[in-house]
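What follows is a pair of complexes built around subunit A, which joins subunit B in one and subunit C in the other.
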Partner chain A sequence: MIEFNNETLANGVGVIRPVGRLNMVSAPHLGANIDALIGDGTVRLVVDLAGTDFIDSSGLGALITGLKKTRQAGGDLRLANPTAQITAVLEMTNLNRVLQPVASVDGAY
Partner chain B sequence: MTPRQLTIRLIVLATAILGLNYIIWRWMVSINWEAWWIAVPLVLAETYSLLDSLLFGVTMWRYKQRDTPPPPPAGLTVDVFITTYNEPFDLVMGTARAAKNIAYPHRTWILDDGNRADLRAIAEAEGIGWITRSEDWANRPRHAKAGNLNNALLATDGEFMLILDADQVPDPKILDNTLGYFNNRRMALVQTPQVFVNVPPNDPLGSQAPLFYGPIQQGKDGWNAAFFCGSNAIIRREALMQLGVMRYVSETELALNKALKTADKVVAKARRQLGPGQERLASALSTLATDLQQVRRELSEGQAIADVTYRFQERVDAVARNLVAEDFAALHAELNSIEGLSRTIDVDGSLAVVDDVALDRLSQRDWSPLGAVETVRVLIDSVNAEKAGEAQAVMPLATISVTEDMATCMRLHSLGWESAYHHERLADGLAPEDLDSMLTQRLRWAQGTMQVMFRENPFMQKGLSLAQRLMYLATMWSYLSGFAAVAYIAAPVIYLTLGILPVQSLSNEFFLRLIPFLVINQILFMVVGRGVKTWRGQQYSLALFPTWIKSVTSAFGNVFLGRDLDFRVTPKTLQARSRLPWHLVRPQLIAMAVLVLAAGVGVIRLLLGQGDLLGSTVNFVWIAFDLLIFSVVIEAVRYPGYDAWLDSTKKKEGNP
Partner chain C sequence: MSSEFSLRAAAVPESLELIHELLEDVWAGEPGIEPMDRIRFETALIEVASNIIEHSRPAGTDPVRFVLAVECEPERLFAEFTDNARPAGIDLTAAEMPDDMSGSGRGLALAKVALDQFSYAKEDGGNRWTLLCRRKSAATAAH
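After this line comes the complex of A and B, so read on.
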């Protein structure tokens, strides 16, 4: 199962930390977390993937949907610390050009 | 029937009648129930010994001395395998050179489980093949010698193979004298004796097994149950490969049926656990359930497992690919609808289309969205014909036991193959030369036999005749003697110290029933053994009682509780030592001390007028017999090894 350890930084940036596997079962949970933060007015988000072992196509979909929703709300969604499998998937699908991952949460904005 | 065979059968019958005459009376009339705590163990031990003797009788019933087989036809292809793990190069190469000199045309291979490059260089320089494990074995169960041989079976292609331990130097005639048996198309295996050259005539470690490599194997042979003993045996490759393939098929079927049995429940449970927003996965699981029903239907129609599972995996892949394609379609729709994104990157260019390679990769089993539910992922993996956990899908030599030989042989017999015992010494072996190595080896044999008894009991296997089952039972049964030995030690001690007799009385009837049985039993051994030395074997079957008990308990723990066997390879060279290893036989020494003390107490009680003269005498004799049996361990501890023994013998002869 997946867990989310989220926090809001002093500069107002929301950090979402999915711990576990981001797959067809857990992707909707990611979506719900993003929606909740946007609802609270936090629209600049970082998804910290350091604890995310795995992503499948549904997980990618949830990230892009999150990107769209934050943009619509006037914010943005960025990725940090992707693990090896996630980097491979992003590169293979060229999505790294849309969601360019950064090495740390602090460097995301 | 030869006169000898008739004699043996009459003695076997007499043994059975006299033995039953004794044991039935013991159970019905003689037990001293007031002292049940020693009376019952003793009568159980005696029953054990009687059954052992009856099984020996069954073995001897069809005692068979085979005629010399015809010379083999020319042109058979034979591989000679020399198995080694850590033996010194000299020893391995000595055997390998002798193997190369075997007269019948063949190829010689060293199967080096130690993967030693130097050994390879020496061997190949002399035109001897060298095989080590393939890369498939990395990080997978190695299965000791069975794995070593299975690996070599896939690297070679001879019709027959001769298996030799690294310390069994073959005679050049070994193939010419045995391959003729295989003119019989059903003959799978020919075993020749294992005889050791580094053993003094009095054989202090009980290395030679003249009763086994003789009457017992010949008796088993009469029932088509001659045993495979791991070395000095010639095997038909076709039989082994058939065995391996059939095991593979039945294990695959078993795993598949097990998976299919619970499949509906697994999928239904996975569906129940899905929350809202999981409709797509729910519908994929429904498709999967339908696919699984199709698998069952096709299997029940008798379609091949490989085809059925392959088509199932293809359908699963299609479902996964469909999910991935849908995800990407949705994802791209989202991307295109994000305002401003197209200004920063070219959304309509390369990004718009994910190529087939990426789509395929994301649909593969390890990355597939269907893997989201772990139980479903495992289920999908099980509906397959792979054995991903093993180095080779086909394992011809059995891997269920540390002694692969007995398990393999029993499987061959249950497939209807025949085996033969060829009673001619065709290899010179080396026995362990010190007590520690000898005990390690005996423990391993006993543990292996017990593993087979627990994992593939001969009475649970299909395809064996009753006699074959009994032949396997006989060997397994003989390793249970450790428990009986404890009762045989305890009973006289308890009588002489506490005066408690496990039988009602030492009446005339007791002796009239017991003594004829004991006498006829010894006569059977004498007639069957025809002068071979069987005393050492009799001594060790009781004297190693701690080893036998440990083999039963450790194999039980291994098979049923998943514990380690604590298994060591038998060292083939003399282990250096600084002082005599008395600690290895501590239980036996304690037993001897207790027996001597009990005898002392018995004498004192007699002198004080407390003891019964007849009862005490019987128990003194019993203790003397026990001590004679156990005395073998003292000889064994003091044995300095063969070379040292030779030196000391020469000195004695030089200075009489």
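After this line comes the complex of A and C, so read on.
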């Protein structure tokens, strides 16, 4: 099971907080959350992973697809607060080259 | 000291949760396993299970099911998936990490990087995957 606790900050940055595990079941929900924010014109996104216990390749795929879509719309997608498993998986896939975590949600932009 | 765990489940997405739960039992029973070894093993198991769930086709009229057996030993973590699906003929040497901006295609490549040994075999009645992770603490003790 996964939940998304999202908010839009005063500076217009959209924060997506997946709480639970990102896998083949929940990754499409992450993609839908990203698409909805872009559709509303929120193209600078932060995915706050503090509550994300686990990510698999489909979760990574949703993040990369979101990164591409936000950039195409003139924005960006950045990660904050990755847990140890997420940091390890980003390194094992070399995706830390394109999804480099930022220090905090507030400092993401 | 070694311990063994197993589960039999339908090849459906909901079964991923059962694998996480089984591994929680393993970690609870074997508290000395390094966090990075747990991460590598769990990540690889979920990728292989997801591959079975997403790509398997029934060999006959029976729905696809898999059996997961996990062995925890002082020097290694070992897992074996067997299923009753149509033999898939996977070539793990072809599982390479795609371009950074690719939105898919990382699953088996990620499992390969996470593990020390990884094999797939087509069998008469289905498919067999074996996954081995050498424990970091054991490697350190050996040097």
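In this section, the second predicted complex is superposed on the first by the 109 of 109 C-alpha atoms of A that agree within 3 Å, B and C clash if a C-alpha of one lies under 4 Å from a C-alpha of the other, contacts with A are read in each partner's own complex, and residues count from 1 in each chain.
Going forward, a residue touches a chain if its C-beta (ideal position, glycine included) is under 8 Å from a C-beta of that chain, and two chains touch if they have at least 3 such contacts.
Remember, predicted model here, so these are calculated numbers, not experimental data.
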Which partner chains sit in contact with A:Met24 here, subunit B, subunit C, both or neither? Use first/second/both/neither. both
Where does A:Ala84 make contact in the superposed view: on subunit B (first), on subunit C (second), on both, or on neither? second
With both complexes overlaid on chain A, does A:Ala50 touch subunit B (first), subunit C (second), both or neither? neither
For A:Asn94, is the partner it touches subunit B (first), subunit C (second), both, or none of the two (neither)? both
Contacts for A:Ile64 in the overlay, against subunit B (first) and subunit C (second): which applies, first, second, both or neither? both
Which subunit A residues come up in both lists, the one for subunit B and the one for subunit C? 21, 23-25, 54, 56-58, 60-61, 64-65, 67-68, 85, 89, 92-95, 97-98
The answer for subunit A against subunit B in the complex is residues 21, 23-26, 28, 31, 54, 56-58, 60-61, 64-65, 67-68, 71-72, 85, 89, 92-95, 97-98
Could you pull out which subunit A residues touch subunit C in their complex? 21, 23-25, 54, 56-58, 60-62, 64-65, 67-68, 84-85, 88-89, 92-95, 97-98
Subunit A-touching residues of subunit C, taken from the complex the two chains share: 13-14, 16, 20, 35-36, 39-40, 42-43, 46-47, 50, 53-54, 97, 100-104, 106-107, 109-110, 113-114
With touch defined as at the start, can you tell me which subunit B residues reach subunit A in the complex? 274-278, 280-281, 323-324, 327-328, 330-331, 334-335, 337-341, 345, 350-351, 354, 357-358, 361-362, 367-373
